[in-house]
Structure formats: structure tokens, C-alpha cells
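In what follows, chain A forms one complex with chain B and a second complex with chain C.
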Partner chain A sequence: MDYQLELTNVAKHYRDFIAVDNVDLQIKKGEIISLLGSSGCGKTTTLRMIAGLIDPTRGTIRIQGQNMNGVPPHKRDISMVFQNYALFPHLSVYENIVYGLKMRKIRDKKVLMERAREMMDIVQLSGVENRLPRELSGGQQQRVSLARAMIVEPKVMLFDEPLSNLDAKLRERTRVEIRNLLKRMNVTAIYVTHDQEEALTISDRIAVMNKGKIEQITVPTELYTKPATKFIAGFVGHANFFEGTVQHVDGDRILVKSKGGHLIQAVVPGASQLSFGKEVTLAIRPENILAGGAGENRPNLVSGTVTARIYLGSTVRYLVDAGEGKEIEIDLQTKHLVDCGEGDTIHFSLDENNLILVDR
Partner chain B sequence: MRREKDTWSYVNIWYLIIPLAYVTFLFLIPIFKMIYMSFFEFQGVGKALGVFTWHNYARFLMDPYYWKVLGLTVGLSFLSAVICAVMGYPVAYHLCRVNAKAKHILTALSILPLWVPITVRLFGLMSLVETGTLLAVELGLVYCGLPYMIMILTGPIGNVNRSVEEASYVCGAGFWTTFFRITFPLTIPGLVSGFMLVFALNTAAFVVPVILGNGKIITMTTLIQQQATYIYDWGFAASISVIFLIVSMIISNSGKLYDLWQARKAARSEKLLRTAVRGEGENL
Partner chain C sequence: MKLTSLAGKLARFLVYLFLLSPLLVVVITAFSDTNRVVFPPRGFTLRWFERAVHSAEFNSSLLLSVRIAVVSVVIACVLGTMVSLWFWKSNSRAKGIFESVFLSPIIIPTIISAVAFLQYFVLFGGLFTNYWKLCLTYAVIQMPYVIRTVTANLVGLDTSFEEASLVLGASPVRTLFHVTLPCIRQGIVGGAVFSFVVAFDECVIILFMKSAKTVTFPLRLYSYITESFTPLISAYSTLFIIVAAAVIYLVEKKIGLSKLY
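Entry: the complex of A and B
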């Protein structure tokens, strides 16, 4: 299979610090992949290695099958949208946009004008071509940088948290625009972000990075419903964890005794590989916990003391101390509110089908 | 509100008095006395001034020799500023591109010459070049101006956002294209101010032409000194000083024209930005 971009065993070490550790990644033509992770996880370093702005310590980066090791950025036929836009402050919007074309030896003024106009229509920038970057609003600057990167029809387009300097409303709107644009032009893109919502909206697949490694690559829906590790479960959305030992295995059904002494049943794929006494971590989303059920014969019934009640609009979040070490978060729809305040005892059950087995 | 304003100005008046007195007694009074003196016949040290005359000025302006001295002074310092810019730019560029520790050491090294008294430095230079030649004086001027040029240039070069250069690389521009199309144009304002500083400093250089010119290369400063301390024609010395003062003022303020031009562009930008931001608010 031919990949548009392929990273094999790529690593970057700074003396003793390992910024990026053996990253493998294959991206098909036209695919949008997000590198998601908190700051310092190595996502930006990975992106800059693909751009050629940093040399990898180890491993190979291939673009359309060609080994890019040692190839300087300007010969890689890529483009990049920067976090601070990095527009050329002394050049007009038009000059900024056609810069990449000029560097690709396109000299014909008519062609340049034509393509710039086309691009400016797409990103809705018409009418400001003679302005300097500092004469534009943040959103406009962002669109100039997008146009500048896209006009060259690069083999791979790189995004380094391009929306983090915009205000919330504009950010939400722009990320949909970016995705539509990338899909329309069939551009292969890597999108670095720390914003999970952004990653979920924009990408075809998401690679979650932690401590220099990719922990999981999967499609957005699976990332939320089937996180592979404890880190991902906690990073993408909220999650509660029950650590314990396996008591019984029956097909996909397992019985786990948690640290807090609760017996928890769960239906998890691949459970048959587990054996008695194995230490495991189960995760459950706050919204998959059902409140109530005291006295009923429900499975996975747990009780605890409410330590805080946080009103979030459509939901209310309860923090409950059930003796598991960390407080358990429970999200309840405001309309299904139970009458429970701080210090009260609350009963709840864990849906056995929504418990997820995660690596720690 | 009122009280705040009172306190504010109260403090300032007292602080201003010391420098004000300093400037008045040591700068303004002598300079006006000099200008006054330049319009009268000088009859000797300690004697009363003679009648009003234009002669001192006429003597300078009518004699091609003095024009040559003025031209030489301006020419030498202009050339030295050009050479300093050409030599200082790469040094400043590298200073801004090395890590912080190396930058401290290299900055210290580049201004090291300023720690040594100028006469000592120039005597060192005398052992290398033949004094009394234009080359020697020019060398001295460059030598003196270079640390200032480097210091001034590290500011604007350091201010060029690295990601802007990186953006140029990923757009397909190599190192030199990026340098000439992006980095260099962005540092021109700094280059102008560095140039003006070295130019102005070197037109007023005195020790360099005295030591390295060795009496054979006469610049405006040494000419004034000759007239004042050897020939004792204080009237003529004063008029040369006034002419020189005017010329230097024109030179050092010509950089301001560039600043003004930049400021006007910035003002226009501000206006456009306001409309842009307003437009964005409507789009939302």
C-alpha cells in the first residue's frame, strides 16, 4: 500500500530527554489525522520533524514513498499553518498568499493573480489583498495563513494548533470550515492540537500522544467509546476508574473486585484472555452511571457520599466518595435530577456494557 | 483625581531641576555663547569682542579647502557606517541565532573593545597601520563604530519571529531567499538606526583623527581644535563649530524622516485594523 506520509520508528532525543519515542504512523492520501495530546507530549516535535524543521534522532519519514531524512524543509513540498499564523509582516495579503507559488518558480503574473483570487474566494478574503497582515483581524490573518499554505497544493499540509489564538465562537466555526476545505481539495493533513473537541470534529483518525508515544490511533467515535489506555480515557472526556483484580472469567464477562471492595461485573471484548488474579483497570464515563436503585437487585450497585454537586446546565455532575481512592464523577441529566445534596448518600449502578477495559 | 495629579507633577518638578540646571549651565549657556562669539571679531583671549561681522562664516564658506574638510569628515564617517553595517550584520545575526549561554559570551566579546580606553585601543592600532593616512582613520572609525552597530542590530534581528522564517522555509524558500525576502526587510528599521548612530558618532569623532590622522588628516573636529588652541582664533573656531553643528543635526535627524514614514504607515494600518475587527464582529 502506498502511503502519502509514512513515519517509521521516528524518535527525537534531547540529551537525556526523549521528546518523541518510536512513532509509527501511516497516512493515506486525502486523510486528515490529528495528533492529540497535552503540552510536552511530543506532538509539535513530531510535526516539526515532518516539516524538516527538526532532524529526527532515529527513524525515517517518507512522503509519497520518498525518504525525507536530510531533505531541507523547502524541498519537501509541504506547507504549514502556524499557531501564531507567522504571516510575513512586511508583505501584503496578496504577496503572502502567492509567496509559495513564487518559490515554486511560477513567475507569470496572470497565473499568480488568477490562483490568488481563486484561493481568496475560497477562504473569503476578497477585498483585502493589498492590506498588510497587521491590518487584519485575527480571524482574517488565520485565513491568510490557511490560503498561503493551501495554494501550493502541497503533498502534506501541517497544522500546528492553528485555532488556539482565536476566540471560542470563531474557533468552532473555523474548524468546520477547515475540514470542509481540506476534503474539497483532497489534501493530506496532519493537525496538531491539545483540544479534544477540535480533534474529534476535524479528523478522520486521531492519534493520541502521551510522553512521546502514540497510545492509540483510531477514528473519532471509537476514541471516546473504546479508549485503549487509562490516559486516553481520562484525556478525551471524563472517566472514572476502578482498579482491581479479576475474580472470575466467563467468555466476555468478567468479575472484578475493586480496591474499594466493590464487586463489578463487566462485559468486555477480549476478556477471555484474562485469568484469575490479574490486575485490571475498568473505566466508565460519568454519563453511563445510573443513579438510584437502592434495595433493588441490580448488578454493580454502589453507594457513596456526595462530596460536591456541580451544576453544568444540561447536566449536573456529582462527585461521590465510594471508597475507591478517587472520587467518582456522575453526570445526570438535569431533568432526571435526584434529590441529593452534599453529605448525602447516593446509590448508583455501573452499566456492565459500558464498562471499558483499559491499559494503565 | 486632583490629588493624584498634584503628586505626580510635584515629584517631577524636583526631579527635573537637577538635569535642567546641568543642561542649562553646561550645555545651553556655552553653546549660545559660542554662537554669539561666532558673529564677532575675535581680538584675543581675555579681550573684549570686536564689531559684528559675517567674516568668520564667509571665510569658511568661501574657501574650498574647508569644504573639503567638511566633505572628508562626512564622507569618512558615512563610509565607516556602511562598512560597520556590512560587517556588523552577520555578527549580530549569529548572535541572535546561538543559544542563550553562547549569546551572553559572544555579546560580551563583541563589546569587549569598549572596556579598554579609546586611546589605548588606538595606540594598539597604530602599530598595525601607517598613521596619517585616510586608511588609518577609516580603520579607526570602523573599529570604534562596530560594537555599537552590533549592539543595535541584535535588537531588531532578535525580534524577527523565528516562525516567520520557518514559514518561509516550508513555503519553499531556501536560506538565502528567506534571508533576502523576509529577514533582511524586517530588520531595515534597525539597520537605519544603527547606521545613523555610527554615522553621527563618527562625524563627531575626535580621538581617532587626532591619533591616527597624526595631523595629516584634518577633519572638522581637529580643524576646530587647531583654530581654537593653536591659532587662537576663537571667532573662526566658533563659526566652524556652528556650521558643523548644523550639518550634524541635519545628518542625525535625517533618520527621523524614515521613522516618520514608518509611523505614518502604522497609523494607516491602525485605521484599517479597526474596520477589519468591526467587520468580523458583524460576520459572527
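Entry: the complex of A and C
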């Protein structure tokens, strides 16, 4: 299988600091991959190494099978959309858009005009050809930078948090547009973001980075329902954690005694590899916790004191102190509200099928 | 409230008067119908302006001064911009040392520089004509001005412009000419204007390095004034005030000199 972009064992060290640590990544033609992580996790460094703006300390980067080590950025046949757009302030919108083509030695005015017009139609930007970038709105500038990067038909298109300067509404709309556009043009793209929602909507696969490493790379739905590590469970959406020791293993079913003294039964794949006494962490999403169960006597029943009640519109979030260290978050549909406020005791149960076994 | 704003206006008026009154005196005496500069002027005539425009000696000195200034400005702008770009990109420890070296011509008294240049050209003078000696000397004196204004421009320049250009397929050299230099155009032009003025009205170094062929305009004015103090001098000065004001106005309008600070 030939990959459009392949990273093998890529690392970047700054003196004692390891920014990127042995990253492996294979990307097929036309695929959109997000690098998701908080700031300082190495995602931007990885992107800049692919662009050739910084050299990796070790490892190889291949584009269409060709080793890119030592190849300067302008010979990599890629393009990039920057966080601040980086539109050339002294050039008109038209000149900005055709910049990459001109640098590829396309001189014919008619060809340039035609390609620019076509591209501006695609990104829905017309009538502003002769304006300067500073005369455009943030959303328009974003479109220009998209057009400028896409017009050169790059082998790989790189995105460095391109939406973080837009307001929330525009951001939501633009990310869907970007995805549709990339799919339509069959462009291979790497998309760096710290916004999990953005990563979930835009990508075919998401690579979650933490401390310079890729912790998990998978499709968006799996990332939410089957996070591999505690970090990912907490980073992508909200999660509650129950740390404890295994009491009993039966096929895929395990019984765990949590730190707070609760008995929790969970159905998790790979449970058979666990044994008595093993320390494990179970995670559950706030929306998968069900209220009720007072007076019953079975596993997975937890009770605690409500410390806060946060109204979120369609749901209400309860923060509950159940003796598990961190407070437990429970999201209840507003229409299923239970009558209980701060300081009251709340009873709830954890569905054994919605508990996830995570690393660390 | 009204009183304070009135007092403010008055204070401002006095400051401007203080700054501009010497110039006013010069301009007024240029129209004096006397053979010596007198103030208040007597009579009214334009003949000094006519003489100023037609004086061959002065005109050749003027041309020489412009030629020296233009050539030295070009040298200073090219070298100064290169140095600024290096300062901008480099994290080297040597940078601090070089920064003081390149800015030193502003700090070192001109008279000391003049002696230094004189001695330097005694050693290597055979390689250059006096004209080129002056061009090179002035280029060195001007470089700090260019470095200052260009650096001021570069500090606010986002590195992602260059990166965008590289990633879009432009080589580093094309990136320099298509993106970086146009982005710092303001600083370069500003530096050029300052340097031009520095070279044009320089009179200390030229006293040390003049030759029969290189009597620059300030030198001509100076030697003329020691012999005869006619309103011709005032007429020249007036012309210059007008030209300088026009240039400053245009530069301010086109690129905004005030932005350079």
C-alpha cells in the first residue's frame, strides 16, 4: 500500500525537551487526519516538520513514497493554511490566490485568471479580487487563505488551527465547508486543532497527541465511545473515572472495587486478560449515568452529595461528591429532572455496558 | 475648562514659534533688497532667488551632494537591510555585540569618526577616488538610521508571511523579494529619507575629506558665507526648506513617518 504521507519514528528534541516523540503516521490519498491535543503536545511541531519548516531530530517523512528529509519547504509541493491566515498584506486578494501558481512558473495571465476565478467560486468569494486582505472580514480572509492553499493542488494540505480566530457560529459552519471542500477536491489533509468538536466533525481519523506522542489514532465515533486512555477520555468530551482493583473476572465481565468503596461491574472487551488485584481505571460519560436506584441492593449503585447543579439548557449537570476523589459529573435530561438540589443526597446507577476500561 | 484649552493652545503656539522662528528669519531675509543679510529686511526683491537658480558653482555643488547622497543611501539601505534581517532571524550570542557595532556611528561623535575615516583612507586611499571615499564614508554613517527604521518594521512582522511563501513554493530568494522586502518597505524608505538628509547636510567629515573636486553643497555655503554674507544664502535656505517640507509631507502621506517610531 502506497501512502500519500508517511511518518516513521519522527522525533524532535530541543536540548532536553522532547517536543515530538517517535510519531508514526500513515495517511492515504484523500484522507483527512486531525492532530488533536492541548497546547504544547507537539501537534504543531509535527505539522511544521511535515511542511519542512523545521527539521526532525530523527525519523523519516515520506510524501508519495519520496523521502523528504533535507528537502526545503518550497520543493515539497504542499501548502498550508495558517492560524492568522498569513495573507500577504501588500498583495491584492487575486495576487494572494495566484501566488502559489506564479511560484510554480505559471505565467499565462489567462490561465491564472481562470484558475483564480474557479477557486474563488468554490470558496464562495467573488467581487473582492482587487481588495487588500486588511479590507476583508475574518471569514473572508479565511476563505482567501483556503483558496490560496488549495489552488496549487498540493500533495498534502496542512492546516494549523485555521478556525481559532473566527467566532463560534462561523467556526461551526466553516468546518463543515472545509470538510466538504477537501472531500470534493480529494485533497489529503492534516488538520491541527485543540478543539475536539472541530476534530470530530472534520476528520476521517483523529490522532490524539499528548506529551509528544500519539496516544490513539482512530475514527471520530470510536474516539468518543472507546477512548484508549484516561487522558483521551477526559480530553474528548467529559468523563468520570473510577479507579480501583479487580475483584472478580468472568469472561468480559469484571467486578471492580473502587477507591470510594463502590462495587462496579462492567462489561469490557479484553477483560479476560485482567486478574484479581489488578489496578484499573473505568470511565463513564456523564450522559450515560442514570438517576435513581435508591434502596436497591446491587452493584453499580452509587450515592453522593450534590455539590453543584448547573443548568445547561437541554440538560442539567450535577456535580456529586461520592468519595471517589474527583467529583462525579452527571448529565440529566431537563425533562427527566430529579428533585434534588445542592447538599441533597442523590442516587444513581452506572450502566455496565457504558463503562470503558482505559489505560492509566 | 475653556480657560485650560485656551492656555493649551497658547502654549502650543509658543512652542511652535520657538521652533520655527529661526526658519522664519531666514525666509524673510531672503527677500531683502540689500547686499548683506539684515533683519528686519529692507525692501523686497526676488533677485537673490534668481541668482541662486543661475549660480553654476552652487549648482554643481548641489548636484555633487545629491549624487553622493543617493549613492551612499543605496549602499546604506542594501547593507543596513541585510544586517537588520540578520538581527531579526538570528538567535546568536554575537548579535548583541554586532548590534552595538553597527549602531555605534550614531553614538560616536562625528569629529572622531571623521578623524578615523581620514586615517583609514590614508592607508587604503589609493583604491578609491575622493567621490567614492565620501560615498562609502556616508554609507557607514547612515547605516544605523536604516537599521533602526527597518528593525522597527521587522519587529512587528509576523514570521508566518515568509513561511506561507515558502510553503506555497517560493524559494528563499523569491520570498525575500516578493514578501519580506515589500513588507518592510516602509522602514527602508524611512531609513533612506533620514540617511539622505544625514548625507546631504553633513559638514564635519567633509571638512576633513574634501578635495578641489568634492566641494559639496554645505561646504560651498559655508565657504561662501565666510566671504560674503549676502541674502543669496537665505534664498538657498528658503528653497531647501520648501523642498524638505514637500518631501516630508509626501513621505508622511504615502507611508507615514510617524509609524516608524
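Details
We take it that the second predicted complex is superposed on the first by the 357 of 360 C-alpha atoms of A that agree within 3 Å, B and C clash if a C-alpha of one lies under 4 Å from a C-alpha of the other, contacts with A are read in each partner's own complex, and residues count from 1 in each chain.
Note that a contact is a pair of C-beta atoms (placed from the backbone, for glycine too) under 8 Å apart; a residue touches a chain by one contact, two chains touch by 3 or more.
If you're wondering where the values come from, they're calculated on a predicted model, not measured in any experiment.
Partners chain B and chain C, brought together by superposition on chain A, clash.
Once the two complexes are overlaid on the shared chain, A:Y224 sits clear of chain B and of chain C alike. When the shared chain is aligned, chain B and chain C each come close enough to touch A:N84. Once the two complexes are laid over each other on the shared chain, residue contacts for A:Y3 go to neither chain B nor chain C.
After overlaying the two complexes on the shared chain, residue contacts for A:M103 are found with chain B and with chain C alike. Greater residue coverage of chain A by touch, when chain B is weighed against chain C, goes to B. Contact with both chain B and chain C is seen for A:H74 once the two complexes are overlaid on the shared chain. Applying the stated touch rule to the two superposed structures, the overlap between the chain B and chain C interfaces on chain A comprises residues 51-53, 72-74, 76-80, 82-84, 86-90, 99-100, 103-104, 148, 152, 158. Every residue of chain C that touches chain A in the complex is listed here, in rising order: 158, 160-161, 163-172, 174-175, 178-179, 182-183, 185. Across the complex, chain C is touched by residues 51-53, 72-74, 76-80, 82-84, 86-91, 99-100, 103-104, 148-149, 152, 158 of chain A. Here chain A touches chain B in the complex through residues 51-53, 72-80, 82-84, 86-90, 99-100, 103-104, 128, 131-132, 134-140, 145, 148, 152, 158, 169-170, going by the rule given at the top. Listed in rising order, the residues of chain B touching chain A in the complex are 161, 163-164, 166-174, 177, 181-182, 185-186, 269, 272-273, 276-277, 279-280, 284.
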